[in-house]
Amino acid sequence: MNTAPSIPGLWCHDMIGSVVFYLLAAATLTATLLCITRTSPVHAVIYLVHAFFDLALIFYLFGAPLVAAWEMIIYAGAIMVLFLFIIMMLELSPGGKPLTVDRRRWIPVLILSLVTLGCTVLLIIQDPSSAGSGTAYHASPRDFGTALFDHYALAVQVVSFQLLFAAVGAYYVGKGEPRKRGEQPS
Amino acid sequence: MTTMATSLPQFPWLSLLIGLPLAGALLCLLQRRSAIECRWLALVTTLTTLMIALWLFVTHGDGQAGWLLREDAAWIPRFGIRYTLGLDGISLLLVLLTAFLHTVAVLIAWPEQRRVPLFMALLLILESGLMGVFLAVDLVLFYLFWEAMLLPMVFLIGIWGEEGRRRAAVRFFLYTLAGSLAMLIAMIALYLLHAAQSGAPSFALADLAQTRLTLTQEYLLFGGFMLAFAIKAPLVPFHTWQPDALSESPAAGSVDLTGLLLKTGLYGMIRFAFPLFPNATRNCLPFLAALALLGLFHAAWSAYRQEDVKRILAYSSISHLGLVVLGLAAWNATAWQGSILLMVTHGIVTGALFAVVAMLRARTGTRDLAELGGLWGAAPALSAFFLLFALASLGLPGLANFTGEILVLLGTFHTQPLWALLALPGLVFAAAYLLRLVQGALWGPAPANRGAIADLTVREWLVLVPLALLTVWIGLYPAPFLAPLAGPVQAALGGLP
Amino acid sequence: MIVPFAHVLIFAAILFTMGLGCVLARRNLIMILIGVEIMLNAAAVALVGGSAYWRQVDGQVFVVFLMAMTSAEVAISLAMVVYLRRRRGTLEADRFDGLRG
Amino acid sequence: MNQTLLFLIPLLPLACAVLNMLFGMRLPRLVAETLAVSGVAASFLLTLLFWGYADGAGTHALLGTWLPVGDITIPFALHFDALAAPMTLMVTGVATLIHLYAVGYMHDEEDYARFFGLLNLFVFAMLAIVLADNLLVLFLGWEGVGLCSYALIGFWYQKSENARAGTKAFLVTRVGDIFLAAALLWLFALTGTLEIAAINARAASFAPEVLTALTVLLLLGACGKSAQLPLMTWLADAMAGPTPVSALIHAATMVTAGVYLLCRLFPLVSLSPDGMAAIAVVGALTALYAATCALAQREIKRVLAYSTMSQVGYMFLAVGAGSVAGAMFHLLTHAFFKAALFMAAGCIIHLAGGENDILRMGGLFKRGPRELFWVFLAGALCLAGAPLTGGFFSKDGILLAVYTQGTPLFLALWGIGLLTALLTAVYTFRLVYLVFAGEPRGHGHPHDLPLLMRRPLWPLALLGLCGGLLNLPPLVGGHEWLTHRLGTLAGREILAGHSIEWALAGLATGLVILGWGFARWRYGQFRGEQENRASRFLLLGWRADALVDLLFVRPFTAMAGLCAIGCDRALVDATLDGLARQTTACGERLRGLTTGRVSTYLAGFVWGFLIILGWFLLALVK
């Protein structure tokens, strides 16, 4: 169990998996780099969403399909959208400029998208869960659920409480300052 | 010492002594509506505690050595910390004094109007902490109570004090905290040394006293403990917090501070510092005596120069405690008995003086000696009490302080004639500053702009009469108060040179 | 395992460093939060990689906890961003120095 | 009878004092006064009743334990013996008469309960000294009389000078007390007991140096209470108190306590020749000093105060010469005539309308009650030592005892004694002439004195005149009753030929006549008193106050200032404040680090992280 296998997993014998990993890693890093260098927060968030797509693929590659799904749903889907909402709500982007189509700006996006898309197709063709002889590690949702709700039941409870507190806290902080009595509404 | 525990499970009187005031304090805090109820609650609590202490005094005050009562329970076994309380003759007297002075303090604080529940609660917590200090035998427990009694006092000064209360409270806090930190470090070091030697970690006094230490180690640890005790006592270079704290604190606080808190330092020396480090103690006795003499005279001189009545009393307190320390340093049974008796009588007499001065201040609105005067014509009863306690304080035979002082001097002369002779002029100095105080307050013409002054109220009679009776009683028949000391003092001296 | 575990860790480390750089270099609160997200994801990569390496499901479980925590953190911090924007009218991190000694 | 009843002698005045202090103001005035007088009178009668107890070695009485010192317990115990009995009788008797006088004297005083309470308390304390069986009880009385003296000198406290005089008296006597206390501690350390008889019994085994040191300590202790050099400055100022107080405390009883102490411990004291010489020297010098001062005083009571000091000096001289009987004899006669003089002086001041200055008196012989003149004259004759009065015999006895010592030192002291006798006659008759002779120079309106102020004078004056009978020398057919009564306690036996005795008596008589002649020549007619430097010097008591001020009070005050301001504030407090300021400054510097910006903290965090990482790397490399 805890002895590291000396030979890398089965999936590597056809080398496709490793190539895909390196490709995805490179894509992720590129996207992240672009993300953190943007001046516009909207662009940054979009690049980050892209990076999360790649990460989700890597997770899938590592035999964690459930985590990959959640990465997509929660991170890319919920959290980043929340970011976008806030950015837009507060009008943080340098807006007002007409949307000019600058071709050069599309080049990195296109390359990244192509890489990601290619990797996705590759993975769909070569399903890691069905392909190998079973020695590669793959956590089925059943295993995952058993571990989560059996062994880590208490932690789940704690985390859920934390989420509840966060929700309450966010509500409290976000509702704004209570207007003092007699003060004119601004 | 540890084997003295009685076999039958007894009623936990000692825990009751600590717990009762604490319970009273909680009740005071819980019902914060009525100030009157709080006062009565505090009075009933302190009176009950006094009854218990008196009962213990009557039944156990026969001068037996060793623990008269002992309670022991495991508390934090991993570090060898136990909940151990012990009562011997020395602590018996101090417990009695604590219970008595707190009853008086509640009566003194009766007219307090601001935040009465909190005031009474703090007073009761203070009593609880003091009881704990005088009863704890486990070092950690002792330290806990030691700090626990500090905070209520700081708040009493800081909230209800007079004009300069903030500065006084902060000074008091910082000074004593610095001392107790030194003690804490020394305590832990001793614990670790002992644990390394015996393999059985323990904070019990009797166990730690068995630790084998090199002389250097002893000096260092002894210094740590003595710093805390010397600041609290206070010995002279560490005394400047005390006049501030005493003069700025409210009346009940002054009584408590001078009567009891200062005694914890001396008690700590007797109970912990001396028996834990016998060799260092033996070598440091002359040094201690020098400090005591220095304090005796320095404080007397300083007292002579003060204009503030409460500061005069504060310095007189330091001066008297110098004599107490001298008696301890003389290392002689008679001197020790005298010192401990002087601790008690000083608590009563100086406490009474502070009470009288508070009454004076309530009437005249000033503490400045130059603005007082001619009090005898206006309030003879108050003045008579003032004079009585001042005379007791300057060591008039037949009044309380004399018995302690003469025992200290007799005992000291026996072992160290020179020290006793050097201390003697202190009697004249005490007379000088106290008579200056009496002269300024009671005699002379009354200030022109002072209105009529009422004499004592019933409550004030209730405060002063017991104090005066005790002053005379101890002055004329101190035997019952000396009796419990015989055994413990012999035992304490026996272990050493 | 399809790649050496060390490579996975190096990847996670680079990602983490990028996030850290973002947090340190940017002054916009939103960008700082984005940097924090990147760092958290780097941690997730390491966890999933470890899970695959040791063939234990626990790493993935922790990623789930991490996501839950992240969402809580994001919820609160974005609420605070809104709050600060309303109160102070800016999101420049260096403008907020209420803790200055 | 039970000997514990002896305790009634001191305790009755105490009880009356306590009653008067607690309830005096609520009782009718007459009850309070009766209580005070009857308490003292009752102890006088009790003393007479118990007279027989003093026979032989005397009687011990034990009331109870006081102070347990280790294994020894110091009790409240009395010892009523041949030395204590006459003293007790004198104290209670004189006190009774003075109490009666005081009732008249303090007739208009509002605060009578405090006065009589304190006066009774004083009698108690004095009796405690007289009757004490151990030194601690004696010390109780010793401090007790000091307290009463303090409170009574400052009785009229509205005037700050009065209260200050009381404080001065207390402080100066307390300086003496610490020497007594030192002697007490030393004796306890040497013998393990404080019982006077036991100490006297064991004194012979002490080393000579120890004996001398102890004697000097006791002497200094006695000097404080008895206003002898060098602790004499308080007595003249003590005259600020009411006259009955001066009569009782500062003439008859308390100031003689020092003499009594030395007599009590005479077996110890007498073992040290050097100590005895010191006592005699102190006594003689004080006698001369006080007599010179008395010559120039202007206030009647101060003249009497200095004369008291001078006469007490004679008593010390007697003790130093080894004659306890002589000292006690003079003590008793002096108590009688000096009390009479003081009370008469009180009447004179009363008649002169509160005027104290003898230069503004005069003419009282013509205009005042004749009775007063005779009483005063009787007292003055005794004081001057006119032949056949009590003062003559007692003073003569002392001079004889000194003369028969024979050493050069004692002969010199004898010369001083003779000179003092001459001066005494001069200032006494000066007083008489200035007060009674000539025409009135003041504004007094003669009026009748209350009966209670006149009657008590007679018995005292008579006692003074006839006091010689107490110890009449065989020379004139007496039996030396007091000496026989004292028995072994009487000290050295004085052996002198009749011719010497006659010669000395003649010499003394001659000196008195000489002094009287001088006074008559100088003051018979009032010629005013011109003030010159010498008289001013004497008026101020040889400027002793200024000297004490310079030598002790100012250094004390300066030291107090140094301690309170120099040391506490400038040194300790300033050091601590400096520490506090340094700490604050450090904090100020450090607060620059906390910019409050997230970026700064993050940067710090990263740097810390990098350092830890680097440390791990270093460890790895090693």
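Just so it is clear, A, B, C and D label the chains in written order, and each chain counts residues from 1 on its own.
Criterion: contacts are C-beta pairs under 8 Å (C-beta built on N, C-alpha and C of every residue); 3 or more make two chains touch, one makes a residue touch a chain.
These numbers come from a predicted model, not from an experiment.
Ranked by how close its mean Cα position lies to the mean of all protein Cα atoms, the top chain is B. When the interfaces A-C and C-D are ranked by C-beta pairs in contact, the top one is A-C. For this pair, chain A with chain C, the centres built from the Cα atoms lie 11 Å apart. In this assembly, the C-alpha centroid of chain C lies 94 Å from the C-alpha centroid of chain D. Chain B and chain D have Cα centroids lying 37 Å from one another.
A straight line joining the Cα centres of chain A and chain D is 104 Å long.
Taken as a graph of touching chains, this assembly is arranged as a line, each chain contacting the next along an open chain of partners.
Pairwise chain contacts present here: A-C, B-D, C-D [touch as defined]. For chain D in complex with chain C, the touching residues are 590-599, 602-603, 606. Touching chain D in their complex are the following residues of chain C: 20, 23-24, 27, 32, 93-94, 96-101. Across the interface of their complex, chain A is touched by residues 1-5, 7, 11, 14-15, 18-19, 21-22, 25-26, 28, 30-31, 33-35, 37-38, 41, 44-45, 48-49, 51-58, 60-61, 63-65, 67-76, 78-83, 85-87, 91 of chain C. Within the complex formed with chain C, the residues of chain A that make contact are 1-2, 4-5, 8-9, 11-12, 17-18, 20-22, 25, 28-29, 32-33, 35-36, 41, 44-45, 48, 51-52, 55, 58-59, 61-64, 66-67, 70-71, 74-75, 78-79, 82-83, 86-87, 89-90, 92, 136-137, 139, 143-144, 147-148, 151-152, 155, 159-160, 162-163, 165-167, 169-171, 173-174, 176-177. Chain B makes touch with chain D in their complex at residues 237, 239-240, 243, 297-299, 301-306, 315, 333-334, 374, 376-377, 380, 384, 387, 391, 396-398, 403, 406-407, 409-411, 413-414, 417, 420-421, 424-425, 427-428, 431-432, 435-436, 439, 442-445, 476-479, 482-483.
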